[in-house]
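Going by the order they are written in, the chains are A, B, C and D; count residues from 1 in each one.
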């Protein structure tokens, strides 16, 4: 798959997510629904679509995304060393659990995009969809979950070539 | 397996669930047992058997069930493209985790029937079983978790044939 | 493995569990440790070793154990129909997840022994170990998690032979 | 992999963890961040790096680490008896779930190092890194999560050779 295919998939997925939770998003308009905050107020909905850093610190957030991406890409490259693993269904399971593990261990500070298309596509959808009380689309942060995975992916390739 | 077999399985499973939790259902009659609500009152028991939408909106609920069913059936069709996967036990694991993932991500609005027999059979069992304080069987909603999966399954086939 | 081997394993496991949590069990003597109850009082420790029914109802508890055991043994018998599955490591994963699934869905009423040795061995260990404030070993219930799995296992065999 | 490689990996991992959560660690300096305690006070950060016993009891803690290590190493040795399992990706999944299972069942009293490098490397990193309000590195406990896994690993080898 090309990066464009993945981007198209992320946009499509974000739109289908909007349709899936359509009644919940609409309920947010009146502060009567499942997505309302503690005081009955509507809540910002960006977190349903894009990643949001826990503490806003561009350098630290970028480093977090780089490290988490290396933690994803380097093992996947290394799996290629095991003959026959790539053709088996087991690899699907291992990579799925790897992504879950990265989320649990390294995902806290930034919400782990670890893929340049993961964050940008859904953020675009959030910007253009007519969701009531949707709040900001936070475009000031948008470059980090794109640049971080791009740098992390390249770095993983460098480490892999140096090590094997 | 035919749809009739799956329906019979869903009915049998719902009845065995009733037997398994027999003492809990009976305790609900007196407001003394494990299934009582916060104020010591008995609780409606339909949620043990059938799906219940979080926000009642026929069109939105139907769309949710269609999307979630496509998210189940389309990958299963695509798994058939990987030679040898169908015969391995790994496919069982992958499909199980796929269902869990659909439940976590798309299951919130409707409780994800994603199979025409999943909801109808257990709802019938709920209607006929002599469970004390069982509340309504909510037949007005029953067509959605049947029609949604039927439409979604057909749609997944159309998408698959167009794409591969 | 014979039933005697499994029983010996359950006894050994319960004793190793006691050693692993030795400091926690001892802290329970003074109401100062990790296992104390909400009011700082020591708590009964049987639940660490044996199963305890949520609602005490011999017939219903027995039926629950029978159904849960059939839900374990019948699929395992059926897995034997898939050639090559028994020799692969994948079967280990599938059976592990099957046990987890039975616990989540059918385990609530009785704590799911679903094996005649699972409950009896650890209950014996609880009876003889000098655990402070250990409470009752509840021998009146002990026959159910033995008889239920024995009946359920036999029933699964009958169903399997009738169906395949 | 040699023990030295694993130790270097544990040190590297602990340092990357520090970089990943850099903004969170810095926020702890001012009692303003995500890692602050309930009363807005900074919290000790050792638990992010090393294991900490729930109840401080050297003999009991050592026994816990020995038992948990045997529970890891003995099955791994036994997996070698199943022909072909070692070359398959399935073994990766089984061992991962084994570690998760040991953590859930035996991990409570000591935090389960079950590997001599797991605790020592990250504790060294905690000692030398300039983390604000990091609290003690608790070197008095450091020998237990090294000695326990070494004894447990040897014991598992003895049991394996005696049994197979």
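Rule of thumb we're sticking to: a residue touches a chain if its C-beta (ideal position, glycine included) is under 8 Å from a C-beta of that chain, and two chains touch if they have at least 3 such contacts.
What you are looking at is a predicted structure, and each value in this text was computed from that prediction instead of being measured.
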Any chance you could name the chains that touch chain A and chain D both? none
Between copies chain A and chain B, what's the superposition rotation on C-alpha atoms, in steps of 5 degrees? 90
Which chain has its C-alpha centre farthest away from the C-alpha centre of chain B? D
For chain C paired with chain D, centre-to-centre distance based on mean C-alpha positions, whole Å: 29
Distance from the mean Cα position of chain C to that of chain A, given in whole angstrom: 40
Chain B residues counted as touching two or more neighbouring chains: 88, 90, 93
Draw the chains as dots and join the ones that touch; what shape do you get: line, ring, star, complete or other? ring
State which pairs of chains touch, listing all of them. A-B, A-D, B-C, C-D
Mind pulling up the chain B residues that touch chain C in the complex? 16-17, 19-24, 27, 33-34, 87-90, 92-93, 96
Quick check on the complex: what are the chain B residues that touch chain A? 54-55, 57, 60-61, 63-64, 67-68, 79, 82, 84-85, 88, 90-91, 93-94, 97, 105-106, 108-109
